[in-house]
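Taking it in order: structure first as C-alpha cells, then the write-up.
Each chain gets a letter, A, B, C, D, E and F, in the order it is written, and its residues are counted from 1.
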Amino acid sequence: MTQTKSLIDENGKRTDGRTETELREIKINVGVIKNADGSAFIEFGMNKILAAVYGPREVHPKHMAQPDRCVLRCRYHMTPFSTDTRKNPAPSRREVEISKVMREALEPALMLQDYPRAAIDVYVEVLQADGGSRCAGITAASVALADAGINMRDIVAACAAGKINGKIVTDINDTEDKEGEADMPVAYMPHLDQVTLLQLDGILDDKQFSECLDEAVRGCKVVYEIQRKALMQKYFGEETEMKEEQ
Amino acid sequence: MTQTKSLIDENGKRTDGRTETELREIKINVGVIKNADGSAFIEFGMNKILAAVYGPREVHPKHMAQPDRCVLRCRYHMTPFSTDTRKNPAPSRREVEISKVMREALEPALMLQDYPRAAIDVYVEVLQADGGSRCAGITAASVALADAGINMRDIVAACAAGKINGKIVTDINDTEDKEGEADMPVAYMPHLDQVTLLQLDGILDDKQFSECLDEAVRGCKVVYEIQRKALMQKYFGEETEMKEEQ
Amino acid sequence: MTQTKSLIDENGKRTDGRTETELREIKINVGVIKNADGSAFIEFGMNKILAAVYGPREVHPKHMAQPDRCVLRCRYHMTPFSTDTRKNPAPSRREVEISKVMREALEPALMLQDYPRAAIDVYVEVLQADGGSRCAGITAASVALADAGINMRDIVAACAAGKINGKIVTDINDTEDKEGEADMPVAYMPHLDQVTLLQLDGILDDKQFSECLDEAVRGCKVVYEIQRKALMQKYFGEETEMKEEQ
Amino acid sequence: MWDSLSKGKRLDGRNLDDLRPMEIEMGLIKKANGSARVRLGNSEVVAGVKVETGEPFEGLENKGALILSAEVLPTASPHIEPGPPDEETVELARVVDRGIRESEMLDLNKLVLVTGEIVYVIFVDCSVINADGNLFDATSYAAVASLVNSKLPVFEIRDGKVVDTGEKQNSPITTLPVSITAVRIGDSILLDPTAEEEACMDARITITTNSDNNFAAVQKGSTGTFTLEQLKQIAASAKTKGEEVRNKIKELMKSGQ
Amino acid sequence: MWDSLSKGKRLDGRNLDDLRPMEIEMGLIKKANGSARVRLGNSEVVAGVKVETGEPFEGLENKGALILSAEVLPTASPHIEPGPPDEETVELARVVDRGIRESEMLDLNKLVLVTGEIVYVIFVDCSVINADGNLFDATSYAAVASLVNSKLPVFEIRDGKVVDTGEKQNSPITTLPVSITAVRIGDSILLDPTAEEEACMDARITITTNSDNNFAAVQKGSTGTFTLEQLKQIAASAKTKGEEVRNKIKELMKSGQ
Amino acid sequence: MWDSLSKGKRLDGRNLDDLRPMEIEMGLIKKANGSARVRLGNSEVVAGVKVETGEPFEGLENKGALILSAEVLPTASPHIEPGPPDEETVELARVVDRGIRESEMLDLNKLVLVTGEIVYVIFVDCSVINADGNLFDATSYAAVASLVNSKLPVFEIRDGKVVDTGEKQNSPITTLPVSITAVRIGDSILLDPTAEEEACMDARITITTNSDNNFAAVQKGSTGTFTLEQLKQIAASAKTKGEEVRNKIKELMKSGQ
C-alpha cells in the first residue's frame, strides 16, 4: 500500500465512478441452492459469491459435538477461476484465516444453545472475487442462515471502509485495496449495535481510525437493508418489496 | 492420438510382429506371494504385474463394514521403475481412477454377501508397464481372488481392442496406444456373458464401435483360457494341463 | 566424506581448538519450560536444544494404549532457523529417522510397565544445530524425563566419536562431520553398561571400529556427569554442586 | 421406482430416454477467459477457463497443455465434505477431460509458443454447485461451453520472454464433444439419471460423441454389468441424444454468447 | 475471576491495563541472520531470520519477499499436537505478518537485485516454546526483535548469477510496529491476557501501531462482540502501551544488541 | 523359540549365524536402467534404477545425485496399509541408502555434467513384495544388485541443453557394500532374522562392510540394548558373512547378468 496513484478524480469520483460514501451495487438472491437448508447468492460489485447452509444436523466426527450448544463450522473457499491469476485449488493460509474470522463474525448472531449436540455448516464459495469478498461472503452467509431458519438474534451485515488519497471512503474495491492506503473490513449487527468483525490493513491516524470505523458501520447499515429486502422478497414475494419502497 | 504412423506393415503385421487379431504372449503364475491369501503374477507382453489378495478379513476402520456384505477394496499402483520416465511414488489421478474401475470390474464376479461385515483387499502392483496394464491387472487380480478361495460367480478376463491405421486390432500395445487411433479396454465374465468394464479413448464410427467391442470380448475369452489353465496347474499340477492340451 | 582437509593441526588441535579426546563445552538447564512436566535445555558446543516431556498421561487416539505398559512417543524436530540453510518446516525423512532411534535409545532406561495404558511424549526441539544434535537431544531428553519424575533404571548419555585425518577423536563437530572420515553416535547407560544407540557413517577398519566405540562410550560417561550435576543443582541447589566439586 | 419403471415411466414423469431440461449461461465470470454455468435438472455446475503459459507435457512437446479439474463443492449436497477430491470426483474430472481430449475439441497444436519449451496452458476448472445426479454430463457440458465461450490472450515471445500483447483470439475449437450418461436399473436403461435414480442403479455408462457423430470416449462405472446388446443400444441413444444437446450449444454459439 | 475483575484486579494481581513483565534476548541463534527470544509472562517465543534470494511475488516485482511463519511447538502446552499449523496458528502467523507488512517495517524496495527476477527473500520463522496466553503479542515482539537484530548478507549479481559477497548490511528498518492485544471478559477490557484469562474471554482484539504512533493493523478475534466505544477505547490503550513496548525495544537497540 | 535358541538352533533349523537361502535375479525390468529381484528366505524385494538429469544437491555441487527410496507394498504382509511410508520404512530407506552412500559404491564425482548446475540423478527405488523379516538386508542386496546391473545413458550438453546420446555406459561402481543384520533375543545373537524372530527380538543391528572388508555404516534399532562385547562380536560376524554375500554378487556379475 505504498505508492498511491490518484484514486479520486477532480470531481470527487472514484475509479469506478462512485462518490466517497457510495457502495457498489449489491444484489442478493435467496434460496438458490436446491439441496441446501438455506442459501444465498450475492453480487457485490464484481464479487459473485454463493453461501450455503447445512444444518442443524448431526456432527461428524461425533467427539466434536458440544453437549450444551451447536457447533458452527465455516469454510470460505475460492474457485480456481475466481481470481485474476488462477487460484491453486489447495486451501491457502488466507482462506483458512478468513474462514475463521467469518465464523467468529457470524456466530454472535446465532442462538447456538437452541441446538445442543448439533452442527451448522456454512460454505461460502467465491465464484468471482473483487475487493471485499470477505464482507460480501459474511453478508451472504448471514442471509443463508436466516433462509435455513436458524434462530438468530440479529442479521450480520458487513462492509469495509478505507483510506485512498488520504480520504476515508466506503466499500473499498479491488484497485483501491491494492493501491489505496488502508482497508478496514467490519461486520456489524444493526439491532444489537455490536461489531463482530474488525480488521485493518494500512495506516490510519487517530481521527481517521474513528472516522473509518464509523463509516464502515454506516455501510453495514446500508447492506443490512438489502439483506432484509432479499429475505422479505423470498418469503413474502415481490409485492412486499414494492410496499417497502413506497 | 492424432498423427498415425504406419502401425501395420505390408504383410499385415503390427509393430511387434503380431497379426491384427493376435494377443501378446501371456503367462500367469498363481500363488507367488507367500504372505497373501491369494496371489498371481502376470506377464502380458512386457507388462509384469503382481496381484495379491488379503481377506475376507476384519474391516479397519470398523465403521466401513457393511452388515449384509463384504467390502471390496482395490488398489492399482505403479512402482517408480515401471514406466519409461520414473513414476513419482505419490498416487496419481490415473491410478485413483484405475483403482476404481478395476474394483467395479471385479466386484460383479464375487459373492460378497457370503462374507458380511468383512473386507477383501486386492492389491495390484505394476512392476513393468506396457500398454494394457489395467486389463492385465484385472486378469491377474481375478486369478488371485480365485486363489484366495473367494466364492465367485465367474472369472473376470480383460483385454483391449482398438483401432490402428483404420483397422480394428486386438490387444493394443504401448506404441499402438500412444500412436494409434483408439483403445477400448474391456473386462468380461465369459460364463455370464456380461461386460464389467468398458472404456474408450479415441475415435470410432458406428461400425467400428461394434466391431471393436466384439473383438475385445473375443480377446477376453482367449485370456480366460489362460487364467483357467494357470489355476488348474496350481491346484491339479502340470499333468492336468497336459490333458487339457491333448 | 571423501576429501579430507587437515582437521588436526601440528599441535594436535582440532579446528575448534580441542584435543583429540576433548568434548565441546556442555551446559544443561533443567525445568526451563513452565508448562511441561519435565524439561531441559542443553547447549552442546553450538547446539541449542530444548527437550520437553509431557506425561505419563492419557493416550490419544485411545486404541494406541497398551494394557501392560506405557507408550513412549518421541519427536525430534528442527526449527527453520536452526541450520545454515533455512530448514523447510515439513518433517524431513532425517527427522523421522532420528525421532525413531532417539525413542529406541531412551526407552531401555524407562520403567514403562509402571504406567500401563498411559503415554509419555518427548519433544526435542533443535533451536540451533551443530554436529551431534541427536546425541545432544538424547542427553537433554533423558534429563527432561528425570525432571518429569518418570521411574528410570538409568540415565541415557550420548556422545559421538569419529575419525578425522585417520585418527579417532571424541565428539565430532559440524565441520568434522562433513569433512571427516567417520562419525559414530552412541547412547549409553553408564550404570547398566549397555549401549542403546549405535550408528556409523563412514569407513573404519577393525581396530578403529573398536577404538571408536570405546571412545564414544568414554564420552558418554563424561556427558553423564554433567547430566547428574544439572539434575542435582535443580533439586538440591547450587550448594550440592559445590560439594560435588570439592 | 420399480413399478414406475416397469411401465416405462420415471418418478419425475420422464420417459426412459428423456433428458432433463437444460440451461446454459455463458460468460458469467468476467475474470475468467471463458466461463459457463449449466443447469441440468437440479444439477448445477460452473466452469471457468484460465490461460497461462508454461512448459509442455513430456512426450507432447509440440502441443499446448490442457488441464481439467473438477470439484464437488460442499454446497452441492449434505453428503459432501470439504477436502481433496475423492475417488468419484477424480473419475468425474478424468471422464470429462477424456471427452474433450480424445475428441480433440481444442487444436492443441495451435497453442505452442516455442516447441518443447513454452506453450499455452489452458486450465478448465469445474465446480459442482448443486448435485442431483448425472454430474458427468452436467460437468462435461459446462466444461465444453466454457471453452466455447473462451477467448485466449495472444502471447508473444519478445527477447526470450513471454509477453501478453493484450489482444485476444478465438480458441481453436474443432469439434463439440457431448457426453450422454445412461444407467441400468434392473432391465431398464435410463438416460440422464437423477440422484434418486443413481441411488438405485446397477450400472452406469457415459458415452461421448463428437460433431461428426462418431464415438470419442466411453466410461463404464458402478459395480453392475451390461450385456453387449445393452451397450450397443446405449451407444445408439448417445448419438441421437448427443446431437440434440450439441444443437443446443450451437444455437447458443450463434446467438453470440 | 469475575469477582476479581469487578474490582478492577486480575488473578495475578495486575491492573486491567498492565502488561506482564517482558524479557527480550537478541542474537541467541548464531546460525540465523537475526534472532530473538521473548518472554512475556510465561509465554515464550524464539524467532529467527534467514535470508535467501529468489523470485519476487507476483504483482510485487520491485520488492523483496518477506515470508513469516509461526508454529506452536508441542513443548508449549499439553494441548498442542505436533503437525501442520491449525487454524489458530495460521491466524497467529498472518496477524504477526500483517503488523510487520502493513507498517512497512522493512523497506522491501531496497531488497531487489534484478527487478522482476531476483530479490532478497527474508524468512522470519517464529517458534512458540511455552504458551501462557497472548501469543499474538509475544510472537510479534519476537519477530520484530529478530528483524531489528538482523544483518543481511550482501548479494551481488556477477555474470548473471547470485553471489554472496560475504559482507553484511543492516536490514532496512523504517519503523517499529508494536501490537497490543486486549480481551473483553464481560464488561472488563484486559490487556495482555494470560491463558487462564483467554479461556474466559468473550472477544479479543489485536491492534498494531507504528513508530509514528499511527495504526497499522487490527485483528478482532473470538466469537464475542465489541461496541464501537470499546473499540475506540482499546485503540487509545494500544497507542499508549505500544509506545512503552517500543521504547523498551529501542533501548535494547541502543545497548547494541 | 527360547528352548530351541538355548540349544543354539532356530525354529527353521538354522544355526544362529546362518543366513537364509538367497536368490538374485538381475535385469528383470527392461524399462529400468538397472534392476534386481532378491529373495532372502521368504522376504522378496524388487529394486529398479532410473536415471535422469537435474541440479546437484546443495553443498555437493561436484557430485551426481543419488536418491534411494523404499516402500513396503501392501502385497507384502497382512499388516501393511497402503499410504505414505511410515517410520519403519523411512528408516529402511535411510539405512539402505547409508550403506551405499557411505561406502561410496558409486563414484558420484563421475556423474557431473556441469559442475554446480547439471548432474546425473540416479534413482534407486526398492519395493518389498513379501515381508518375512530382515528387510534391511534383502532391500540392501536388491538395491546394490540393481546398481551392479545398471547401465547409464550417456548424456551430453549441446547448445546448453541436455541431450541423451542414446549410448550406454557402465555405472561407476567402486565397491560392493553388504549389510548383515543381527538381532539379540535374550543372550542369543541371530543373523538374518525371520519375521517370527523379529517379533521376539530385544534389539537389532545392521552393519555394512565394503569390498575392502572395512565397516562403512551401522544402525542399531529396536528398544533393547547391546553390550560392547556383543557389538564387537557382531561386527566380526558382519565381516565374515558379508564377504560370503559379496562373493555371491561377484559371481553373478561375472556370469554376465
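FYI, a contact is a pair of C-beta atoms (placed from the backbone, for glycine too) under 8 Å apart; a residue touches a chain by one contact, two chains touch by 3 or more.
Remember, predicted model here, so these are calculated numbers, not experimental data.
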- line: In contact with chain A and chain F alike are the chains none
- request: Starting at chain A, find the fewest moves between touching chains needed to arrive at chain E.
  value: 1
- request: Tell me which chain's centre, taken as the mean of its C-alpha atoms, is farthest from chain F.
  value: A
Message: Can you tell me which pair among B-F, B-D or C-E shares over half of its residue-numbered contact pairs with A-E?
response: B-D
- request: Please name the chain that ends up farthest from chain C once chain centres are defined by their CA atoms averaged.
  value: D
Field: Whole-Å gap between the CA centroids of chain B and chain C
entry: 53
Message: For chain C versus chain F, what separation do you get between their C-alpha means, in angstrom?
response: 28
Task: Note the residues in chain D that touch 2 or more other chains, in rising order.
output: none
- prompt: Which residues belonging to chain C are in contact with no fewer than two other chains?
  reply: 85
Field: Chains listed in ring sequence, where chain C comes first and chain E follows it
entry: C, E, A, D, B, F
- request: Would you tell me which residues of chain F are touching chain C in their complex?
  value: 58-59, 87-88, 90-91, 93-94, 98, 102-104, 109, 205, 207, 210, 214-228, 231-232, 235, 239
Query: Residues of chain A touching chain D in their complex?
result: 33-36, 39, 46, 48, 50, 52, 54, 57, 75, 77, 79-86, 89, 121, 123, 125, 127-129
- request: Within their complex, state which residues of chain A touch chain E.
  value: 1-2, 85, 93-94, 96-97, 99-101, 103-104, 107-108, 178, 184, 189, 192-206, 209-210, 213-214, 217
Statement: The answer for chain D against chain A in the complex is residues 28-32, 35, 42, 44, 46-50, 52, 69, 71, 73-78, 82, 123, 125, 127, 129-132
